[in-house]
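Below: a set of structures, written as structure tokens.
Here subunit A shows up in two complexes: once beside subunit B, once beside subunit C.
The block that comes next holds the complex of A and B.
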């Protein structure tokens, strides 16, 4: 009951902030930008000009799988930044302005407060991501070749888990820091650290969450879901659950007002 | 319809999304009383810097209270 109230209030706030309009639009742009520019690269080079006559460019053919992976790699850069930016103030901002105090003075548990906000952001991110990837899937099928719907659904599910982890990390740092800008900075730094760790130890940490997109690439190439992809998915879900519990404890220990 | 050899039907959705983004940002700009930095500057950013301008305005432009 209370859970639903905070959830709905959060939805309404995002609607009034126009987040429900601009976040899906931006995700569409992020998803289709790279496949489109790749497809039109020869024509763009022609139009821009400046190349000496007779220059020959060998532009390799891009497979549908490679085109879809382009969308995912853009998602893991700009998509992640947008997600962190829309989540950075969700608790930190309310603690700073004192709204969190007003809410928590009522019999609302910390668990309710954190998970309802977390769930609302997940809904926003998942819907935006699904809309964006649908646009990408449409263009990939139109311009590069076919990717089956079932493979597409698998991409959505597994990559969505990674984005959910990003939301959860941001929520966790929201309970640690009171300044949204600091939350943004620390979260991005953490994700960059994770990807460095992943690059260095990828042969040992096969199920590390950052490996998700490379396993997804393997899944699209080989047309079946490997055990490693499931392993990565389980690790990601576990980390999400642990982070939620951790944010509960860190939030409990914090004084609300300064 | 073709422009520079690029089929307009294919990139039309891109342009439409850009336009919607800018229009929504302008509506939000009108509704905001206080912005971080001069308000008129944000209008210029939204109109002249496509995609990035509106996104920046949504994320850091408005002063949230």
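The block that comes next holds the complex of A and C.
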């Protein structure tokens, strides 16, 4: 009951400040940017004056899989930044402004408060991500060649898990700090650290969440879901659950009026 | 039977006791003022009562509360500077916090309508809170504190930030509310406390230094006082007046020497004798009684 109340209020807030409009639009942009510019590069070059005569410039053929992976690669940069930016203030902002003092003086459990806000942001992120990737899938099929719908759904599911982890990390830092800008900085720093760890130890930490997209690439190439992809998905879900529990404990230790 | 019982309540920040072992009870249907100068620990105390801060020591218990119950179910709280979601309308916000206090949506909505009317902002109910004036926000704040009909309403400096008109309106509102519930409010202004409250808790440097009903405090601290003014600087004469045995205490206030005495007849005789013996240029001699204001000033200055 209280859970639904906060969830609905968050939905309404994101509607009134237009997040439900601009976040899906930005995700469409992020998803189609790279495949489209790659496809139209020869025409763009021509339009801006072309290459000097005699230049041999082979534009490699891009496979449909490579084109779709381009979308994911942009997601992992700009998509992540957008997600952190729209989530950085959900709890920290309310505590900083003082609204939390009015809300949490009502008999609301901290678990309800945290998870309802978390769930609402997940819904916003998933829907925006799905819309964006549909646009990407459409152009990839049109311009580069076919990717089956079932493979596309698998991409959505597994990569969506990684984005859910990004939301959860941001929520976790929301419970630690009460300055949204600091939440943004620390979350991005953490994700960059994870990416460095992933690059250095990728041969050992095969199921590390940041490995998700490379396993997804493997899945699209080989046309089946590998055990490593399932393993990575499993680890990601585990980390999400642990982070939610950690958020609860971190929030409990806080005094709301400080 | 008391609504709330506070036992050895203590709060320590950075090894410093901001609130020191408070003990008090509030009786149902009373309006109680927590009076004290800025920095006395009033806000910290109220935040502990409302569950926003955890006491370092001691306990707060409510009537009829179960073991490990949630004290937040029994109280309504208005912070000193209430902040709302400015994108919501006043009515939406009341329904929102009503549902958070476990009211079904229909009931929260009815309650929101009647409270908006009660606090006098029914016309603005559908307007965005961002457009409200300070006084309207304060009224909305009181309405949100009452939405779940709590046993105790805690108001932190409800009138301090308002202009004279807003202050009058909120004081009148509190006057009405105390018919229905117990109110505890903090203030640093004695006249506000005297106007609406039945009981007074006088707080200074983290301690309750004096408490009781306004009437009983008035009687208890009503000692005789003699006010003197001299032709030139009063400071010159204070020391010689101090030495009179029947004068208990002396201070200079607003260009007046004030002498606190027990036996008014004896003191008058002594003082006038001294004045004539030393030929002091006395211009005014007045006998009066100390007020709560004097008590408050005395506590604050020590």
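In this text, the second predicted complex is superposed on the first by the 257 of 258 C-alpha atoms of A that agree within 3 Å, B and C clash if a C-alpha of one lies under 4 Å from a C-alpha of the other, contacts with A are read in each partner's own complex, and residues count from 1 in each chain.
In this text, a contact is a pair of C-beta atoms (placed from the backbone, for glycine too) under 8 Å apart; a residue touches a chain by one contact, two chains touch by 3 or more.
All values derive from a computational prediction rather than experimental measurement.
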{"item": "Touching partner for A:205 - first (subunit B), second (subunit C), both, neither", "value": "neither"}
{"item": "First, second, both or neither for A:46, with subunit B first and subunit C second", "value": "first"}
{"item": "Touching partner for A:26 - first (subunit B), second (subunit C), both, neither", "value": "first"}
{"item": "First (subunit B), second (subunit C), both or neither touched by A:135", "value": "first"}
{"item": "Partner chain in contact with A:111 - subunit B first, subunit C second, else both or neither", "value": "neither"}
{"item": "Touched partner set for A:11, first subunit B, second subunit C, both or neither", "value": "neither"}
{"item": "Subunit B versus subunit C as contact partner of A:1, first or second or both or neither", "value": "second"}
{"item": "Partner chain(s) touched by A:101 [first = subunit B, second = subunit C, both, neither]", "value": "second"}
{"item": "Contact residues common to both interfaces of subunit A (with subunit B and with subunit C)", "value": "17, 97"}
{"item": "Sites on subunit B touched by subunit A in the complex", "value": "4-6, 10-11, 13-14, 17-18, 20-21, 24-25, 27-28, 51, 54-55, 58-59, 64-65"}
{"item": "Touch list for subunit A against partner subunit C, complex", "value": "1-2, 5-6, 9, 13, 16-17, 97-99, 101-108, 255-258"}
{"item": "Partner subunit B, residues of subunit A touching it in the complex", "value": "17-19, 21-22, 25-26, 28-29, 32, 36, 40, 43, 46-47, 82, 85-86, 89, 93, 97, 135, 139, 142-143"}
{"item": "In the complex with subunit A, residue positions of subunit C that touch it", "value": "47, 50-54, 70, 72-73, 75, 77, 79, 81-85, 87, 96-97, 99-102, 141, 144, 148"}
